[in-house]
């Protein structure tokens, strides 16, 4: 199996029970997650050797992050600890036509405040096959914009493929800032999860335009011929409880599309995209053919919606079984 | 904002978890609610100055009612306490095709046993804009039939608008008794929530007749020209988990109809009608136009279905956001 | 009412909460159930005098089984206790497109290890009207294959009707072994719950063949003219959360079919078939007409899906009310 | 084993978790219990044939009472059901120096409203060895004062021993009324649980007097020579969490005293006295010697304090094991 | 009753269940509290008109704070809301010899970042009898050191008594900084809760010296003759579960000491000191005599230890009942 | 830090809540533990490189064991998986004078059925400093008696110290069988946890004899001069909730005794001995002096009693802090 380094922020998530508002709840469920950490867990579940690099508070919650990652088999040789706080976010679970609401309390976290790289990059990327990072990291600060580029450069120098999930978050930065970062970062990227928002930032198209995914990937490809693979999910939101989800994968000038899933009802949508990315990377790293890769990734993404917490917790066998199942029987 | 007096019984509600029968449950969730109290909470959420007048047991549960109302900002200057019991009801939550079952244990409550008004009505209605009461109150006893009329008269004398939610409950009184009360009470009413059952009682139509809501309101209007506003929800019950809901508002000889919502899945339907009434009164009191009023009220009613407990717990902003949203995304 | 003897294994069921995987759960819900025990509970709910014969561990869990049965009014004069273990099974609840997963830990249970009958069969069947057993029992061991036949013979000698639910479980035995047992056992059977799998075993038809239920019952009837009644459910699995269910009853050369129910959403499917069998036996024992019988049984089966645990917990009145209801209102 | 008829009210108990006040709790634990019902459960646990006679609401909670009794093997041939309510009480669990607080909501229950005997007394006491009733029953109403005497008379006529637990409750009646009832009832009593309060009522002694239990029993014995056995617990309350408990048994002019137990910490004290009475009756009915009887009863009473709910849930073997144990080891 | 203004930070508290470590818990209980807010709740429970002035995040948790205060009847006319975060702290409950551990995450809260007074002080103190603040507030920042003095000055100008609870927290500031602040602040103080640490800061005594409380108060009094009242608890920690607690009150050159309580076992110690301060202020404001005041305050402090959460939730009657009770019986 | 191999069975533990009997509980808490696994977790917490060798079921519960070990940083290179079951045990938590009761369901587990070594012993012990095993393993079967000796021999050959915890369990084997095994095994042992029972087995002393620990160790030492270190805890059981615990360590002909702890109240005693062994091994491996070693081990053992589950979950720093603390304050 491959060796992968995922790097980014990981946070404590505190969720109220469905049907209870955050301003009234007397109990919160605790999970730990973050875009890159969720991808790390997926890949470790599939048997890869995964390092998760980050920085967490040197308190009970930093320890909890470590336990969380270890429990899924993710290595933490590059998980730094220091004085400060762990970013936190709160989830008011939606249902039916009521949207899920997230309240962030992530400012000033020990990760967000990092202003120079605290890893020795030759160690970090030694023998690594892939470096995975997301667009949330550069969105945390101007320092992180630069540090992210530095990390990509170091990874490339070390002979590592760079995987990037753009993951635009409007509460963290502007579209313009995101666009500028993408222009600088994408020349280092090999595998790119990019969606509609990235088209807006990079191709100068209008927000409301319906863009065919093939045209969009073609245009992106022209701008960044270094990118080997593009991928994204197409999600149709019927309600908080019912979504359709389909995966797209662009590789060697061809677009592959997965089965279209109706997910009904959704237990917990958070981390669905990360499960998809984990599935794509697994397909690429184990040399599945493109169609198999996109089917696997879409199945992984869908499965994530049926469990609580940010992480896909299914093995390769379980994802395949789901991918090939026709219906939902009791398996005795 | 306006000053509103809501008056009626408030009870303790004890609910078993979905999937567990009342005769087997080892745990019950505790809520407090009642038709007028739920309207009071909605209006306080929207920023009005609301007094809730009632009488509760002078024990831990009377205190709990007070805490419940205070937590939502409802004033309790007219919440009396006395020896006796608080009415109680038990809910076995339905789901899918299985109906929700309610077991009442409300007889002999300190409120139901009241046989003369224990408030000084000049104080009660001083500076009040609206007095809200429902048809559950007169259904409690013959005394309460008379006291309800007295309260309406006193409210009118004090220059207060009278809001009345007919809310027919067949376990409390007969259709005939309800009809007789309505004949006496409606001449004092300004805002009237009235549905199909009231048409039966007042217009002498058959129970199974499909009556167009416009014709029905026109006929009611002729009988009671003093009523400025009629409103009601049209609920189509596909199952306990899936309902359609649409609001109707009759004002100045015209009928306004809201968007038709599919609520899927329902978390807790109890109090949906009260949330609707709260929304209508808020629209009337803040001079929204009729279409905005009915859309606001319908949105408020629908939102209630996605949270546990009897009360709508959304602010005006949240109701408006829902009213204008197209789909259910995670709002990060 | 009738006197019925149900005999089979009963196990402890430990279920994780929906959305939580068995390999990560920190809490399990405890239920007790087994095919014949669930039928026993249904019939006791309907007012019959039911004996449940089995053997359980002489420890806290054997006591728990006894309490479980007693709480539903099932008599346990023939519930033996001995040193050993109670069979256990673990349930990872599915939802939406994610199947429910069962992990069995039933080997070596005190019941499965029984190698000679430990009841005096004249006592066991004294005054009994019906003896009910399922195909799970002979699947436990070769000894149990023989003991099951012995029990059927003894029941017939005692003038008892024999009810048999084939209930094929592929994790317990092969199709061939099941087929051989059926050939020996069915000549003693009066009431037979048999489905598609039994057709495969007995009629030599292909697994993928779509067989019309009427043809299938006719063919079965020819082979075993002693069988008075065949019955089965037709379940269409749209997802773990949504199934359609319809009952079929073959009696005196005619096939009766119930209303087709959409069950949406399912709370807990386990025991649905047993609730159906309980309904059929109740119809036969109280001399309902065939159409009423199949409607009653189908309604009972559907209701089971809306409560947690293996047992149907509805009285005859409640099943009838559901059978006749048009929609799911709050019944206040 | 013996045949015993216990008769009295049984209620639903709703308890908040330790550390949470009733006026703030959002969840209540459900138990069912009553003085005589708890004695019934104890005796059924010890293997006796016990009938529990009472009247409960014909709703889900009446069914719950039935399930509760059945689960412990208590027969309910004389458990009547009728329209009305089940008495309820609420418990705010104390701890340390904070007392436990009980809020009763038992007025107007279907049992309390009974004004003539609804059982055929020849059936009720047919073949019964003991009839057990407590002083809570006559305290419910003047009707029940008379009905209790009638029941005692009928029991005596049927050749039954009468067991009576005085169980004075100041919230239900005055000391004078209790004293008058005792004067009328005690002539029919064979086994009498009587404490300090009864001495006050009957012997005209001062409430604050320290009375030696032997003197007290002697004086009682002189007044009612028909009483064969007196028994009571001596409880020293160090705090809600720590009590000392010792049992006294007066039989054939001699007083037997059990080991003195320190109970630390107490989980749930309610029902401790009923567990003691159950132990005494078991000793008497199985012809233990007096010292063994009082030791068994005291051990049973103490054990009850370590489990939640009103009922002693230990078998004779478990009580004996506890009675003979020296310390609390893990029994593996 | 009196009018009191309490001002300070209020935080969300997230507690793991006893026996579960923060780094492993999957669930947290939610409470809201802060030194001055807890005093506010106590005083509102006793019937005073209390305003709580603070600043909270304009999100779900700011709303939750508001609901929390309202539910206890505390007015929030001066509770500001603004963008930012609510301070948070996490509690790992100790038990026995294992200490309770608190992890703070309060930096950068919207309250701590306040750098000028955002209330109009003439409005804030209009008609107020007492202004209560604690030493936690000046410890938050240098700005708050100055703002606290300004508030005290404004309160004095408005004719308000100033109550100050020194409440030294070593994680927030140094002893020296605390000492300097005290020198500046105490000249404005009328009622002062001061303990051993304050003696160290102000009187220059050694940390390990055993100081008699009377001598200590006398010395303090000489330095600050303006202070009318000193009070403090003497707590002897036998373990996390068992403490002794006694109250001291210095008034008019005399020291009054309460009963010494053994608290065993403690449910939740947090807020015990605030409950004591609330009791003292209530005594002073209702003109209890000094001995009654200190007994009331000590009883209130002890009661707090038996409930979860930061706030004393007992009425004056309940505190008095506890103060006068001899033992812990079930009060039926 | 050192490299340690721990080998033994690990089981699923299912615990009912305190105050609820196993035969009535509707929920069970899930933990994973076993003597050697608990030692492994302790040592990994202290920073050692620990391998846990065992065999578990290749199902969800085998995965759960893996997650459990990984979360504490224990390596599982030698954790085999195969078809079969994971041993299970059930705990009814005692409290006060009520003992904790354990119901085992461990027979036929995939580990217990192992009949030849499935590890390559040169790999297993490569570079290992210590091999730790307990007397539970040979008690599982005659095969395991022999395999345990083989493992000890292989470890010695590999230059590994052998640590052995005798841990006699009377439900698994007889005293005679245990004694015979000890005679064969102890010649290979370097570090030996041995208590009173071992003295009985080996020294032929009477079960009731009070043996001074020093004399006992001296006698053991004479028999097995190869053993460098003996250690054991002395536990005085006042009740299930209160124990005293003291550690003894015999090294180089001298006996070192720790502080005597009163543990009050105990949350969960299971695993206390394993935490002690973990502490001793840590002291030996990090070259603490003997007194420090025994104090550290005793403190670790005591701390374990305050958390739920089988494992000590404290770091070296936390154990040292506890070891040096005088009392239990809130550490803010």
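Things to note:
For reference, chains read A, B, C, D, E and F in written order, and residue numbers begin at 1 within each chain.
Here, a residue touches a chain if its C-beta (ideal position, glycine included) is under 8 Å from a C-beta of that chain, and two chains touch if they have at least 3 such contacts.
Just so we're clear, the structure is a prediction, and the values are computed from it rather than from any experiment.
Touching subunit C and subunit E together: A, B, D, F. Separation of subunit A from subunit D in touch steps, taking the shortest path, is 2. C-beta contact counts were set side by side for C-D and C-F; C-F has more. Here the repeat of D-F among C-D, A-F or E-F is E-F, since over half of its contact pairs match by residue number. The chain with its C-alpha centre at the largest distance from the centre of subunit D is A. Centre-to-centre separation between subunit D and subunit E, using Cα means, comes to 46 Å.
Chain contacts: subunit D has residues 21, 23-24, 26, 67, 101, 265 touching two or more partner chains. Chains touching one another form the pairs A-B, A-C, A-E, A-F, B-C, B-D, B-E, C-D, C-F, D-E, D-F, E-F. Interface residues of subunit F, counted against subunit C in their complex, comprise 14, 21-30, 59-61, 63-64, 67, 85-86, 88, 90, 92, 101, 103, 105, 107-108.
Only residues 67-68, 70-73 of subunit A touch subunit F when the two sit together in their complex. Against subunit F, in their complex, subunit E makes its touches with residues 18-21, 23-24, 94-102, 104, 169-171, 237-242, 265, 269-270. Interface of subunit E with subunit D (complex): residues 261-268, 302-303, 305-308, 313, 322, 325, 327-332.
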